[in-house]
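You will see subunit A twice below: alongside subunit B first, and alongside subunit C after that.
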Partner chain A sequence: MNWLEMTLCFPLLGAILNGLILRSESKTLAQIVSVTACFLAFFSALFLSYDVLTHHEGLKVYHLASWIEAGSLSVPFSFLIDPLSSLMLLIITGIGSLIHIYAGGYMSHEKTTYRFFAYLNLFVFMMLLLVTGENFLIMFIGWEGVGLCSYLLISYWFEEDKNAKAGMKAFLVNRIGDIGFLFAVFLTFKQFGTLSFLDLKNILLNSHTLTQEMQNSIALICLLMLVAACGKSAQLPLYVWLPDAMAGPTPVSALIHAATMVTAGVYMMTRLSFFYFLAPQIMTVVAVLGCLTAFFAATIALVQNDIKKVLAYSTVSQLGYMVMGCGVGGFGAGVFHLLTHACFKALLFLGAGSVIFAMHHKQDMMEMGGLKKYLPKTHAVFLLGVLAIIGVPGFSGFFSKDEILWKAFNYPVIGPYLWAFGTLTAGCTAFYMLRLYTLTFCGENRSDHHTKKHIEETPVIMWGPLAVLAFLSVFIGFVGVPAVIGDLVGIPNFFEHYLEPVIKMPHAAEENWHFLRDHHSHALEWTLMGTSTSFVLLGALLGFNFYKRGPKGISLILKKKFSRTHKFLTNKYYVDEFYENIFVTPLQEMSQFLWKIFDLIFINGFINGVGRGLMISSALSSWKNSGGLQTYAVFFVLGCLVFLGFFLK
Partner chain B sequence: MVPIEHYFILALIMFTCGTLGVLFRRNLLFMLMSIELMLNAVNLVFVTASSFLGDLDGQIMVFFVITLAACEAGIGLAMVIAIYRRYGTINPDFLKVLRG
Partner chain C sequence: MFQLIHQYILSLLIFSPLVFCGLSLALKDLKAIRVLAVLGSFVTFLFSCHLWYYFDESLTGIQFVQHYQWISSFGISYFVGVDGINLLLVMLTTFLTPLVLISLFEKKEESTKNLIRLLLSLECGMLGALLALDLVFFYVFWEAMLIPMYFMIGLWGGKNRIYATTKFIIYTVFGSLFMLVAALLLYLQHYEQFGVYSSSLLDLYRVNFQNINTELLLFSAFALAFAIKVPIWPFHTWLPHAHTEAPTVGSVILAGVLLKMGTYGFVRFAIPLFPNAVELAAPFILGLGVFGIIYGALVAWVQPDAKKMIAYSSVSHLGYVVIGCLSFQNSSLNEEALLGAQYLMINHGISTGALFFLIGVIYERRHTRLFSEFGGLAKNMPWFAVMLIVATLGSVGLPGTGGFVGEFLVLLGSFQAKPIIAIVAALGVLLGALYMLTFCKSILFGPITKEENRSLKDLSFVEFLYITPLSLLVVFMGVCPEFFLKKMRTSVHHLSKTYHHYELLVPDQPFVSAVNKIEKRG
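What follows is the complex of A and B.
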């Protein structure tokens, strides 16, 4: 057994053991099994990455078995380990392990934890398939598998109708994206005759000119894949499922809906960067879409009162950043933000989970406040997470966000606008994160007497993983310090160099992307960095000052003054209602019509008619089956006589 | 020497009597006996043909038919008894369980 097989195998074994074999009532046993599985996967992934990156020049294909062999179509179970997939492996299993540990504490009051842990392990397995698959179909298995696990975990508390509906919504919205994925796969096979990433990459990297037809189909593939990414990575217009997905347990929100699954779209675009480079017009769409999503979601997050909803919209917004990074050609920057975001957003979600746990499952920030006193450890790590996400210089979010903004600024024509929106979004992010922090941890406690009496610091099993994540959130950014700062303090940009072998520019695309290689003045970069940082600080200051006296004070005055805007934002731009009226209601009406008119009258009428016709005709014809022995004999003899007469004629 | 037609006509009469007996007697026992009559009509044809053609094959066939008739009578009578015990009658008019 090699390291790859072990990496894939452990989470699957954990899921099978927990979900099918043990089904143990004991919470400890269920947790030990799944945490062990995840940790073993993490260590295998470590060894695997080390092995591949040092001994195999950073690229190895593992061929496990053949799967589909039909004519010219050959899809094996083969897995690709390169810098990108090993990075994803480590994020998934590493952060996954921490979240598994935390989940033990968070879920300690539940009844069927084995089910939860089985799903969680299954999710890790599916996610590993997604990021290691060497061809489109293996990736698609993972893509669908994580969608399934996401559905199962969102509606984990399915006794409540609301949660079951949120799960369904997530699943159905993702299906729209999956259609895009499937059509892209079909088109790729039709055009190139292969589904293997490496083969496709070789074909495209080595071709100097492309026919118009080829370029068109590449653009179409990219567009379809963008639809898929919009579904999975919650971009406009398919982001609506992610905020609702917060109905699931908080560790799930941290693992699936912040750190790993929702970044699958960004991973997929980076994996297919050679396609995207060849479709510059689609790249513009990607960049604009990402930018709009980032801004749009950030504005909604400004006024939400549910602590998890704020973080959910923040996730949508940060994913928008990543997609924008990819769209402007900075795939490395996008993946870098993916890495830092995975750390600090997991931290923030788990921190919010600790708060919710301490508040006995109350999620409304208006009822919190002053928790600094009660939860000192959670408060400390949460503050670090907040500083990381808003991008205070020196924290990880600063480096990755600035990298993306800088790349966006250099994009031709619309670049400065992208940058402006991105910077505005950064300001909004700072505002709503500080609002969240202040409302939760500062001021007076606003909860009722009973809850207040029972608030106490969470057990070590919960704040331990948080501490590790906080450490990562603060320092992980130093692996990708931008050159302009790096040159000054002597830290090389390790990360960009690391991803270089994965993100290669095809020759045919180079003329469109010359600006990526152009030299830009450091002074400009410093200015932009300074501007965005001052926006962040301004947002943070406003956020803190508006809410330091709780929901009263300045925030209340503003709320009254801009009540219409506030209402518009609180209702999330009425997008859900819009979808409800445009898609859901007509669909239901049509289904009603098909059921009542088509199904009940036409189909049922036809089927019942056939049945009734047969009944009548058989009743008519059954008279001859009199059961009388001699009647039969008479007919038999008459028949014989007829034959006899016929032959003796 | 009786001409061969007479034998055949006799056989035909016997066969017809048997057939009509099977079709119209309202008693299972008589129906069985009528079947015997039909079989014996056939035997008569075999024997006649054998004698006129000087070929023994026909007579051998008769032995087979007699064996068969014995078997048929045995099974038939057993069934008649079983039917009588089950339904209390051997009149086929009352035995119409297989009516459609």
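What follows is the complex of A and C.
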């Protein structure tokens, strides 16, 4: 058994043990099994990455078995380990392990935790398939598999109708994206006759000119994959499932809906960067879509009162940044933000989880406040997370966000606009994060007397993982310090170099992307950095000052003054209602019509009518064969009369 | 002994259920009949395993042939054989029947005895129809299948059973009669061309039609019979009634095997017998198939009754099979699509079988199938929930279940042949998830609204016994499709490339190759 098989095997084994074999009521047993599985996977992934990166020149393909073979299609179970997939492996299993530990504390009041931990392990397994798959279809197993686990975990507390509905919504919206994925696969197969990433990469990297037909197909494939990414990574217009997904337990939100699954779209685009480079027009769409999503979601986050909803919209917004990064050709920057975001957003969600746990499952920030003194440890790590996400210089979020904004600025024509919106979004982010922080931790506690009495700091099993994540959130950014700063302090940009072998530019695309290699003055970069940082500080200051006295004071005045805008934002631009009225309800009505009118009355009625018609006609004709002698006699006489009449005329 | 079994394996397979059915007449005790029947169907299953094991997947022709003159002056014979196209359907039949019989183990009613006997004779009918290579012989079994099913719905069914079963029988016989007339005309056509009477399929495949209109007419008659059986929209309205009224075992067999007779008919008879006509009519049938996918899915979504929902979902799923079977491309059939369609037939049998069993489980407990009566069952019936979710996922076509492999291949293939068909059909992937998850949610999730549901018991041992194999198979078919695909590949390839002048070869010494194989292995 090699390291790869072990990495994949442990989480699956954990899921099967917990979910199908042990099904133990004991919480400790369930947790030990799943945490062990995840940790073993983490260590195997470490060894695997080390092995591949040092001994195999950073690239190794594992063929495990054949899967589907039909006609000219051949899809094996094959896996690719390269810098990108090892990075993802480590994020998933590493942060996954921390969240598994935390979950033990968070779920300690639940009855059937074996189910929870089984799903969690299954999720890790599916996610690993997604990031290690060497062809489209293995990736697709993971792609739909994580969707399944997400569905199961969102509706984990299935007794509540709302949760079951949220799970369904997530699955269905993701399925829309998955159809895009499927058609990209069909088109790839039609055009190239293979589904293997490495084969495709070889074909495209080595071709100098592409026919028009080929270019069109590539553009279409990229567009279809973008639809898939919109579903999974919650971009406009398919982001609607993610905020509802907060119905799941908080560790799930941290692992699936912040750190790993939702970043799958960014991973996938990076994996297919050689395709995307060849479709510059689609890349513009990607960049604009990411930028709009980032801004749009940030504005909604400004006014939400549910602590998890704020973080959810924040996630959508941050994913928008990553997608924008990919769209402007900075795949490395996108993945870098993926990495830092995985750390600080997991921290923030888990921190929010601790708050919710301490507040006895209350999520409304209006009922919180002043938790600084009740939860000092949680407060400390949470604050670090806030500083990281808003991008205070030196913290991890600063480096990755700045990298994306800088790349965006250099994009031709629309670049400065992308940058401007990105910077505005950064300001909004600082505002709503500080609002969240202030409403939760500062000022006076606003909860009812009963709750207030029972607020306690969380156990070590919960704040321990938080401390580790806080450490990462602060320092992980130093692996990718941009050159303009790095040159000053003497730290090389380690990260960009690391991903270089994965993100290759096809020859045929080079002329469209020459600006990526252009040199710009450091002064410009410093200016932009300074501007965005001042926006962040401004946002943070406003956010803090508006809410430091709780939901009173300036914030109340503003709310009254802009009540219409406020209402529009709190109702999330009425997007959900729009979809409901435009798609869901008409579809339902049409289905009812098809069934009750078309099927039952029209088709069935016609067929029964034919039957009835036959019965009536046979009843009519059987009347003459009744078998009654009198009738026959009457007919006989009548016949004779007619006969006679005929002859006697 | 072994040699003997090997030589007569197909006859043994077809008639052993009938023999056991006859034996059961001698027994009085319900328990003894049950054990005998399960044993009998299991023996049949073992025979089919023998078939599976010694089937040589590298040959394009038919294997294990048995060919005896029946009415020699008319060229009618008892002619059976196996190739990659019917092998898996035979396996499906012999696999489902024991499970269906086991599911009757908890029934106490005296009338169950006859139900068991009917099931055994039905198995004989299905196997005969699947293995027949003589048109007349096929027709006899095709009609014979209807009789047990007619009584099953009519005697063990629900409130409207008489209406449902009459509709079922009249509808199917109506189609079959057209087929009978067309078969006779085909038979005469063969006589005209070759000067001998023969109803052997292998001979009839050689018939060339001078006049395309004749061919179209004959094809339409065959197609109507098969389309009603599948059922292709708009010939589907008998199915929801039949399913709702049928007892659980009837539904399982009906959805699991009988519906596939229609699509099997297309592949075995309609396409190779009338290649030119099929090509002409294909766009029309494809249109109906695609429309059926969407229509079935939408109507399934708003059903208040679980069985009706599954019935409409079958209309939707079999639409995929239809488009997979008829994806013509550059005067050949698209191989991926055809293989996918064959695979989907098997998978639909397994996952829909499981779904009907599971609905049967809650019907036994609550005597209703209305969604509004359920909700929140996952709390008290965790294993039931696991099984239902697995079956649902199989039906939705999640990667890692058999449904995915089939649907993927069908869509991939039809996208190569006719993109527009695949694009519309793919909407069914979304709608499929929509109605299946709604189904799952309204039974398993949400608060418990009815008091009666609080005390429901989880799956019993017997229920485990017949549901678990299906659930495992749903996953196995998704992870190791190669295990099944390899048996079908050669035959499907052969059909897809040469359906214009289709020939099924019978090896001169049918047993030599197989016997050699035994010696090699042994």
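Quick note on the criterion: the second predicted complex is superposed on the first by the 598 of 649 C-alpha atoms of A that agree within 3 Å, B and C clash if a C-alpha of one lies under 4 Å from a C-alpha of the other, contacts with A are read in each partner's own complex, and residues count from 1 in each chain.
Keep in mind that, in the parts below, contacts are C-beta pairs under 8 Å (C-beta built on N, C-alpha and C of every residue); 3 or more make two chains touch, one makes a residue touch a chain.
Everything quoted here is computed from the prediction, not taken from an experiment.
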Next on the checklist: Is A:Lys453 touching anything from subunit B or subunit C once the two structures are fitted on A? First, second, both or neither.
Outcome noted: neither
Item to check | Greater residue coverage of subunit A in the superposed arrangement, subunit B or subunit C | outcome: C
Next on the checklist: Tell me the contact category for A:Val637 with respect to subunit B and subunit C: first, second, both or neither.
Outcome noted: first
Checklist entry - Is A:Phe183 in contact with subunit B, with subunit C, with both, or with neither (first, second, both, neither)? => result second
Item to check | Which superposed partner A:Leu629 touches (first subunit B, second subunit C, both, neither) | outcome: first
Next on the checklist: I'd like to know which partner A:His361 touches here: subunit B for first, subunit C for second, both or neither.
Outcome noted: neither
Next on the checklist: Quick one: is A:His514 in contact with subunit B, with subunit C, with both, or with neither? Answer first, second, both or neither.
Outcome noted: neither
Checklist entry - What residues on subunit A does subunit C touch that subunit B touches too? => result none
Item to check | subunit B - residues contacting subunit A, complex | outcome: 19, 22-24, 92-93, 95-100
Next on the checklist: If we count contacts the way the header does, which residues on subunit A are in touch with subunit C in the complex?
Outcome noted: 19-20, 23, 66-73, 112, 115, 137, 140-141, 143-145, 148, 151, 155, 158-161, 163-165, 168, 171-172, 175-176, 178-179, 182-183, 185-187, 189-190, 587-588, 590-592, 594-595, 599, 603-604, 607, 611
Item to check | subunit C - residues contacting subunit A, complex | outcome: 170-171, 234, 237, 295, 298-299, 301-303, 334-336, 339-340, 376, 378-379, 382, 386, 393, 398-400, 405, 408-409, 411-413, 415-416, 422-423, 426-427, 429-430, 433-434, 437-438, 441, 444-448, 479, 481-482, 485, 489, 493
Item to check | In the complex, subunit A residues that touch subunit B | outcome: 622-630, 633-634, 637
